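Once you scroll down, you'll see the structures, which are given as structure tokens.
Both complexes below contain subunit A, partnered by subunit B and then by subunit C.
Entry: the complex of A and B
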């Protein structure tokens, strides 16, 4: 064996453990799923080949079409909003501000919780008489005070920022330290207003079904809007870290050149930051699409807290067919849906690349 | 010294041979309160009998979704020799062909329970215990409101009147927590004379069903009930133990909830009220049995363990612990059941529920839990005010028709 051959062998040995696990848990499993999708199989009978019957039955199943539309809508909403929010948060944290480490930690906190624990907390928050309802009631009833609070907050913040800008460059409009001061000021001022009872307070009582409802808002069940809110809350921090890493690799020279050309902060963001981050954005959007198309745990934990049709997603449809409550497994149907979800994911990621979010920087 | 050694060697050899001849039988059920119960049976009550039969029971309780566990284990060939089967998913388990019919004499068991576990003419599980629904009431709340306690001859209308009177007198207390769940609503739906499946095997939500449905969902606007979710609870027993409501509709399992949540609650139990029109009460049978794995290498020993675990001796002990109701008819005359403590009363009433007018086991053929979904959704949409009775029932009927069409 010469050196070259030996290198080959060593190389293969290094990737062997990965190849074995990939072969067993992905290739073998995927091929078996594909085969099962053409059979009538309940884990106990001999799988009988039935051609495309599972796929036909699936397309005729109203629950499947509902799951498909729910999944697509959920994926679109969550991916778009979490990408934009993560980018904005990253830019904010990356800006010239005080106590950056502190804010980065605070923003990252939601991501370290397990999604099961998070869902249980949200279930509690989203009860009909829960905290979210109370929050909405509070906002509605104290609307005048909230408006006053916001106005005072904005006034203090703007005053502080413009005052600082006379001495330093690049003070962000949303500077968190000034914001903290403004917050304190606004709280005190609003409290004084309340003490003097200068504005009206209402007493409207109502209940809101956040989860347990069949209502639809736009093209998605209201239940899934609530789940989307929770999903965005938990995934934004991780995606923010990716953007933050990307932001720190953008050469400062680019911003300097743009500034010399007369570009303001908004233009710098649009024409330097966003294009330079394309590879990161690709990763973030791809991860988002895959994660949201396969969203399962949160709706599974919801369980009976919401009607099935308001929470069903493709991944849950697959599970519900594999382990239907109190009935025999429908592995064929379940496999057919799983194959369809896989193909759908591939197509959407491909479309995303074709539509311009690529993994290459285009300067 | 030398003698002691020989004696010791002899003794250990004896121990080895006796251990080797004892047959290991793996048994499995779910966790929670059941663990103490089964452990008590095998290590205490039945220890001698098991030893005499030369059987060593290896108990492996499973936390989490038991039906999923047993489906996977049966298909993978790793299932225990003897395991719990809940009536709710029993058909899915029996249909696997991996289940052995029981060899025990089934005549001492309650016929309803044996019927519930009969599949293709064979009894596939030995019922170990059961539950039905009953009406629990908080005596203090009734006393404070000056309303008479519910009786065994209550009708829907008379119960509603009592609950409305309580809420009128004590505005902070509601009559009942209603839940959008067939597992509770069935006590009334079945009482109306409605049958879940008609002669052709189809589900038709007829006039009887609608009467029960309208009454049940109408309890809230009438001031007799509140939706459990609206007071942050998930079951009628949760509202009851927190004294948010005067009555609950649960089985004997409520004892556990009361023990944990309100040990000093002063409560009683009455039978499910009757439909004033049909004059009958409905009920559901919840039951769990022991099933032998057809692939087990020690089937005979497993059958023997199942018999011992459901023997009169075992059930007497379980009953006296107040843990579950016995499946053997003879135990209905047990002196313990005649007592007057709340636990004894609820057990006695639950026992009586077995002979309510229209009582059905809690399972729904090949459809499983999916069968309940249209009814639960309909209940939910009316209780949350998103639909009226007619719209909700029309949507549910359309789903049942869809299911029937899909099945063909």
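Entry: the complex of A and C
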């Protein structure tokens, strides 16, 4: 045997352990799930072929349609908002902090926590009489002062900016010097208002059911909005780091060229920053979609802290059909839903990839 | 100056000019300040949430309203008092307790409106079960069976009280009662160490407790009864009471062993097992994909990417059945072997591709085998990649929730810590729940990953960041 042939054999031997694992726990498992989806099976009987009945029953199951719409809405909301927020934050702090160093460590921290520990902390935060409620209560009770603060800030800022614009060109609405003056003025004025007790402070006490409720806001149960908030909260800092690394690899010459062509800050952002970040955005969106479509841990840990229809997602629907509490397993239904989730994930990821690539070619 | 003189002479439309250079510099400087304000704001909201949750996890009742940031557990004076009481109770200033030879001096000061006589409160060591659930059933020794409580004296004094309505100051009499709680010498021989020494002081209405050696845990019956869960906590026992409770109160009813400690141990075992397996499998496969040309390599690569997209929910039924048929359900082995290590293979492959070929070729000329090259030359030089892989595998295994939930369901002592947290939430995390215990459990469960992160953060973070960009 020569070296090439030897490498051939050794190559197969080296990948063998991995292939066994991949073959058994992934390929074989996925194929079996596909087969189970056409059978009636409860983990203990012999699977009997029943054709497409599981899919039909699943599509008629109101819980399934709820789980599907919840999953899609949740995925859309979380992916979009975390991507935009992370991008905006990265652009804001770019130039001040590096993608490495102290801040990197700080912003990376939330992503090392387990979803179970994270969910428990948020459950505590979102208790009816919890800290989140107290925060909302504070804002509601101090609403006049908060409104006054914002109004004074805006008034000073606008007055200063328009005054300066009479004499100078290129004074931005968000001029940092004026904003600092406006901030100081607003703080002092609000403090004086409070000293004079000129505005009412309310003393309303209330309880808010963040999680244990059947309420729906727009197209998603309120419970899942709370979970979405938590997801965004924990992922944005880390995603911001990804964008920051991407931003810092954009050549400065591109911005200089754009500026020479007369592009302002907003147009530079839209026509230089956003296209240059396409690969990073692609990674962030893909990670977001895969992560949110299979959101399970948070829902399972919520458990009886929230009604099932307010928290159910596709991944949880699949699990709950396979291991229902106090009932026989419905492996067929579970498998059918699992196949659907798998196909859905593939379609969305590849669709996004196709769009992402054509987007790049256009420019 | 010349600018301004010019502007006054010209018509209004032509007056507008660019900001002078020093104004632009000032704007840059202030913009920097605002940016820092944003960063610090984001970091505060983010880390502050964890910090506040951690502070709350020390509280007797993390759900108390309004939310206080000053309480005994974060008050150094209370730490000193608790250490002192712990030393008196069991000679242990850290974790306290009540043991043979213990002799605790405890005082409480009451006040009442002038003219009202301050009577000695009714003092008792109650038979209070610690916490809830299983722990109460497993408690064998109660302080009440071993404690001798005596009032050793009282002293009169006075204090200035300000009427909140009128603002007028008044002198009220006070009386300080001193108690001695001693471990019964008759039962001292072979007597047990008892974790808690509860105390109740019950005084008539109108008589207020204003000071005591240690602040009471709570007031009962409209403030008439001041109640201490433990007057011998020791400093750490006071601050980390919930953390001690999460270990001691989640006991197995049969064996009496701590469930939580068992869950941590199971998780550790599984995580270490997964790290070992991942390193072996991923190094071999990664090396083969990077260096050895064989048919089907591209297909395998495609499969790996594919497997990373498909959620675990698609494969878990079959995998559950495989381990059921092998009789490995509810054992760590199931969770150790079940995951496909695709992402780690990719990581190793990427690293091996950057490794200089010439070194390997030189070794090959010397007659070394591929396995020899991998284990003796490539891997020892691949320590950063190996460390990153090991840490990521550990973190993923430790934080994993889904697979342990499916593959390990009973007995309670076999769970991993993440699934254990779910059972903790079920038992204690209701609306009126024992959230101190739940939060303490959550924070304890983070410790191993946090320690690894702090030790090796330069490897982890840079890798994650570069991974995402690719």
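Simple rule for what comes next: the second predicted complex is superposed on the first by the 264 of 363 C-alpha atoms of A that agree within 3 Å, B and C clash if a C-alpha of one lies under 4 Å from a C-alpha of the other, contacts with A are read in each partner's own complex, and residues count from 1 in each chain.
Here, contacts are C-beta pairs under 8 Å (C-beta built on N, C-alpha and C of every residue); 3 or more make two chains touch, one makes a residue touch a chain.
Just so we're clear, the structure is a prediction, and the values are computed from it rather than from any experiment.
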Which partner reaches more residues of subunit A (counting touched residues only), subunit B or subunit C: C
Partner chain in contact with A:308 - subunit B first, subunit C second, else both or neither: first
First, second, both or neither for A:128, with subunit B first and subunit C second: both
Contacts of A:163 with subunit B and subunit C, given as first, second, both or neither: neither
Which of subunit B and subunit C A:43 touches, first, second, both or neither: both
Subunit B versus subunit C as contact partner of A:324, first or second or both or neither: first
First, second, both or neither for A:65, with subunit B first and subunit C second: neither
Overlapping contact positions on subunit A, where the subunit C interface meets the subunit B interface: 43, 127-130, 212, 304, 323
Residue ranges of subunit C in contact with subunit A within the complex: 7, 15-19, 23, 26-27, 30-36, 38-39, 42-43, 46-47, 49-50, 52-53, 56, 62-63, 65-67, 280-282, 284-285, 287-289, 291-295, 297, 300, 303-304, 307, 309-322, 337-342, 345, 364, 369-371, 395, 398-399, 401-402, 405-406, 418-419, 421-422, 424-426, 429-431, 435, 438-439, 441-443, 445-446, 449-450, 453, 457, 460-462, 464-466, 468-470
Residue ranges of subunit A touching subunit B (in the complex, touch as defined): 42-44, 57, 60-62, 127-130, 207, 209, 212-215, 304, 307-309, 323-329
Residue ranges of subunit A touching subunit C (in the complex, touch as defined): 3-4, 6-8, 10-12, 14-15, 17-19, 21-22, 24-30, 32-33, 36, 43, 89, 92-93, 95-97, 99-100, 103-117, 120-121, 123-125, 127-131, 134, 165-171, 175-177, 179-180, 212, 233, 237-238, 241-242, 245-246, 249, 279-280, 283-284, 287, 290, 293-294, 296-297, 300-301, 303-305, 314-315, 318-319, 322-323, 331, 334-335, 338-339, 341-342, 345-346, 349
Complex interface listing, subunit B residues touching subunit A: 65, 67-68, 71-72, 74-75, 88-89, 91-92, 95-98, 181, 229-232, 234, 363-364, 366-370, 373, 376-377, 380-381, 384, 386-387, 402, 406
